[in-house]
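Below are structures written as structure tokens.
In what follows, subunit A forms one complex with subunit B and a second complex with subunit C.
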Partner chain A sequence: MNAVTSFLPYAVAAWLFGIGLYGIATSRNFIHLVGCLGVCQSATYVLLLGLGYRWGSIAPIFYDHPPGTPAVDPVMQALVLTDIVVGATLTALLLVLTIQAYKRGGSLDPEKLRPMRAGGKSGRDPGSSRVRDPERSAP
Partner chain B sequence: MTAFPAALLPLPVAIPLVVCAAMLATAHVLPGRLPDILATLAALTVAVLCGVIATHAADGPLIYWFGGWEPRDGVHLGIGFSVDEASGWVAAFIGLLYALTFVFAWGFFDRTHGHFHILMLLFLAAMVGFCFTRDMFNLFVWFEVMSVAAFALTAYHLAESALAGAINFTVVNSLAGFLMLGGIGLIYAQTGTLDFEGIAAAVARGGRDPVVAGAFCLVAAALMIKGAIVPFQFWLADAHAVAPSPVSVIFSGSMVSLGLFGLAKVSAVVFGGSDQVQHALPALLVGLGSFTALLGGWMALLQRHLKRMLAFSTISHAGIMLTGLGALSVDGTGGMLVYVVGHGLVKGALFMIAGILLATQASIDEIALRGLGRGIWPAGVAMALAGLLLCGLPLGALDQGTRLVQGALAQQGHGHALAAGAIGAALTGAAVLRAAGRIFLGLGPDPGDEAGAPSEDEREKANRPLWLMLAPCCLLLALDIGLPAAVIEHALPRAASAFMHRPAVHALAEGPGWLPWASVAAALAGAGYGLFRRHLPALVVRPVSASQSAPTRALEVLHSGLIGDYAAWLAVGVAVIAAVLAMA
Partner chain C sequence: MSPRVRVALLALAGLVLLPGAAEVIAGLPPFGSTIAQYGARINAITPEARHVANMVSAINFDLRGLDTLGEEFMLLAAITGTVVLLRGRRGEGTTGRAMRRPGRAVIPRSEAVVLACRIAGPLTALFGLYVVLHATVTPGGGFQGGVILASGTLLIYLGEGYAGWRDAIRSHWLDALEGGGALLFALCGLVPMLTGAAFMQNILPLGTFRDLFSGGLMLVENLGVALAVTGGFTQLFLEFMEETREADAPEEPGEESA
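Coming up: the complex of A and B.
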């Protein structure tokens, strides 16, 4: 194949990672931020699938093909599948944390939810509704 | 000594996983203390097993192929565990640290149906797997399992700052995972295998190759994020300061240094044959490491929140470990391995003391705690001793590691790194000693001092007797001091050469004997200055009133707690690594 089409997946992967990182860097909403993290992760999918792709090959399933038929690299697909599982865990965990943070802080803005900043909302503010006892906080 | 059956190699990973699954299934019927006992026993078993494996690995690495997929005709298809002596001992140390942490956390998390223990055991299994694996993708999987357990444990309290810290931690370390996976994909595409040895052979054959350099850049960035190296260090202070103190013990004691352990393995073994990578490494690792040591130490000195201070101190020591790695010699890596163990023991003890203060005095703020520690003076003695060990008191394992790292740096002519490491250690020691003096002796001026640094009221449950919390802490310190120097001198040259796949060396060089004393003196002077500033003449105080200076304030502003800033710095860090690799 010509240079442009073989180079394209890597350019897309780099673009996705960059734009996702930019989104995280400028995000003012945690749910938007989790989405941007998903965009960054998609960059790794594109990269891995691009690396494992072979032109003119079948998917690595030999049910109705004779063994020896050229196939794309199944290892890369396994890596991507594993990463999808990891990604689902991470997204779920992050969204749970976001919901809990919203419940306690009343905001989804990273600017308003900083860990232990003197000027921040969660500084030494006696009025905040922080749960202090690990016992009570367990649902 | 009969040969150790290699089929038992997965046991140290399997045991915690099985116990954790069994506990998860029976969590709601297990009576009171049973999760504590089970978890402690499981961790102890892991420690003993890893120790046995390590002694058997002295003659050569033990290898186990899952499902019997051994390499044939040079083609590596299976996934393997390969344990050399050094990896085995590091895993044994981790098991022991977990066992003592479970004792420390005895009853701390009751009525939560053992969820804390389940997550911790998962965390333990991931760490041991990370030490044992010889497969890049397996390394990534353990890296991620480790991360997910750590994220959940950080947010355990579900308090506001704990959630914010956990979100920062999760986002930054997830990005690390993506970078690592991308790097692994690149190296697999280039070499056609995921096995360490297979990749190493292919890389050595390949010559200069931008794809290999790119892969190393991504994997190294990911491991440095785990290892909290500047400019990837931001997540650490947020996460360690808000996690429950038993979790902080594990974070600082083993998780951070495991990132660097992984980097040591990857750079020495997997990319050992790439001239481009090896040329770039000294500048990269020694430079970033020195910078990290200084910055972490300086930030530690500025904190009044004890756990945050200890977190920055961990950053500083991670920098020192990285400089040892950057010497690219058996001495440096061997020193770093000993340093990992020594630092884990001392830092674990210090986080336990912070937990004791949280539990008994209901505060973690150095200023608020002034003089309140008199009633629990044994903790004060332990804290002072740990502070002295941290800044380099020539005693025990941490000092051995320090001297080996310094010896390697001196040999390779990295004078700046030598100085940076000594200063970083002195700064962290000064911070701990100042806090100990203020809390346990009531020294120092009362109000307002260092008020700019973030702090927060918090407390942890006070349902444990003091001796139960103090015992594991003292045991950690005793282990650090009691680790016989002769054993290290005897076993380390062999273990470190096997770890790096280099020909065996006979003895390791040590740094100048006066340097640790200089660090201790500097730390004492720094702590004394912090405590007795008002008694000093203005002529001395005015030029050094550094905590209000512009660079210091700028540093505080940089550690903004904003995830967006951290992501931007992450991009900068990756660019720096890529640039250094491109120029090599």
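Coming up: the complex of A and C.
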């Protein structure tokens, strides 16, 4: 048991990061992509909390337990709190950019996004790009 | 680049990075055996030195308060960016009616939903306030409580509908909350300097350990964070919700903004 539990949380973090990256690389939809970024970010939560954990410790709050009781690392918990706030605002900002990209390009598929040109007209008109490619129907 | 090539590239990069990652994981201390010295010292010293029970709040608002100031302004910048991108195109007008998709039936809101929201809304707000106020004593703080308070406002939308939500939530107030909270936090850093102390030095009386009013300056900073997070997240909900508003006039093609 000890051999497995000594590295399992780190392996979970690496796995979460890996599947998040896989999702980002193969994404066909910006909203799906933002969700995958969230999965990547949850890997950092697991990693930080895993690094700060110690068996037999209490949460770093000395209300019910007197100060001096062994507690887990409070720095990591503060970092996770920061991480969550950053993640939430970043998700919001990316979703706004998704809305704008959809309004400009008429599609949520990153592959169909064309460079913007001066004058505000995107490369293709919104009507035609909403038609899906038959060969590229998402699984 | 075709999806297959991308996955192949990702797999290649993963293979290259895998030995390094395995090496790092093997080099980490075994899970659960020990914690970093810094955290252990904070646990040992801070309850005595700052009279607070919650170490996470002590780190966020006192020991590493400067980092939280940066985080606060990052929050402000991200929300400002959201507002500029969405509102810049839409304008500030209000119609009070949500967009209707032609052909989709409008199902009237059931009375059970309204009742549940009216009961749960004030309770959520109360719980948010409780979490905010007990930052230095029990698990909680401005960030967590602020998000709970902001999500309580969403129950207004769920229970009263779009018009009721627009009536209750005023964008100017949210701006004031958000900016005022960040300003309050920055002032908490600057005002101690007027007395000759260092930036963000805890000059207020520290209070009693395990009391609601413990931690001195931390309580004010916590309040600033709670205001900014409540205002900021409600502003986010508002801006996204406004995307469903019925447009004032038919959109002209090729408009130039945002």
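Simple rule for what comes next: the second predicted complex is superposed on the first by the 112 of 139 C-alpha atoms of A that agree within 3 Å, B and C clash if a C-alpha of one lies under 4 Å from a C-alpha of the other, contacts with A are read in each partner's own complex, and residues count from 1 in each chain.
We adopt the following convention: contacts are C-beta pairs under 8 Å (C-beta built on N, C-alpha and C of every residue); 3 or more make two chains touch, one makes a residue touch a chain.
All of these numbers come straight from a predicted model, not from anything done at the bench.
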{"item": "First, second, both or neither for A:L33, with subunit B first and subunit C second", "value": "first"}
{"item": "Partner chain(s) touched by A:Q77 [first = subunit B, second = subunit C, both, neither]", "value": "second"}
{"item": "Touching partner for A:L8 - first (subunit B), second (subunit C), both, neither", "value": "second"}
{"item": "Partner chain in contact with A:F62 - subunit B first, subunit C second, else both or neither", "value": "second"}
{"item": "Contacts of A:S107 with subunit B and subunit C, given as first, second, both or neither", "value": "neither"}
{"item": "Touched partner set for A:T44, first subunit B, second subunit C, both or neither", "value": "first"}
{"item": "Partner chain(s) touched by A:L95 [first = subunit B, second = subunit C, both, neither]", "value": "second"}
{"item": "Footprint overlap on subunit A, comparing subunit B with subunit C", "value": "21, 25-26, 51-52, 75-76, 82, 86, 89-90, 93, 97, 100, 120-121"}
{"item": "For the subunit B and subunit A complex, residues of the former touching the latter", "value": "108-109, 111-112, 115, 137, 141, 144, 148, 151-152, 155-168, 170-171, 174-175, 177-178, 181-182, 184-186, 188-189, 194, 238, 241-242, 244, 305, 308, 452-461, 560-565, 567-568, 570-571"}
{"item": "In the complex with subunit C, residue positions of subunit A that touch it", "value": "2, 5-11, 14, 18, 21-22, 25-26, 50-55, 57, 59-63, 67-68, 71-78, 81-82, 84-86, 88-90, 92-93, 95-97, 99-100, 103, 120-121"}
{"item": "Subunit A residues within the subunit B interface of the complex", "value": "13, 17, 21, 24-27, 30, 33, 37, 40-41, 43-44, 47-48, 51-52, 75-76, 79, 82-83, 86, 89-90, 93-94, 97-98, 100-101, 104-105, 110-111, 113-118, 120-124, 128, 130-135, 137-138"}
{"item": "Residues on subunit C engaged by subunit A in the complex (per definition of touch)", "value": "3, 6-7, 9-10, 14, 21, 25-26, 28, 30-36, 38-40, 42-44, 47-48, 53-56, 58-60, 64, 67-68, 71, 74-75, 78-79, 81-82, 85-86, 89, 137-139, 141, 143-144, 147, 210, 229, 232-233, 236, 239-240, 243, 254-256, 258"}
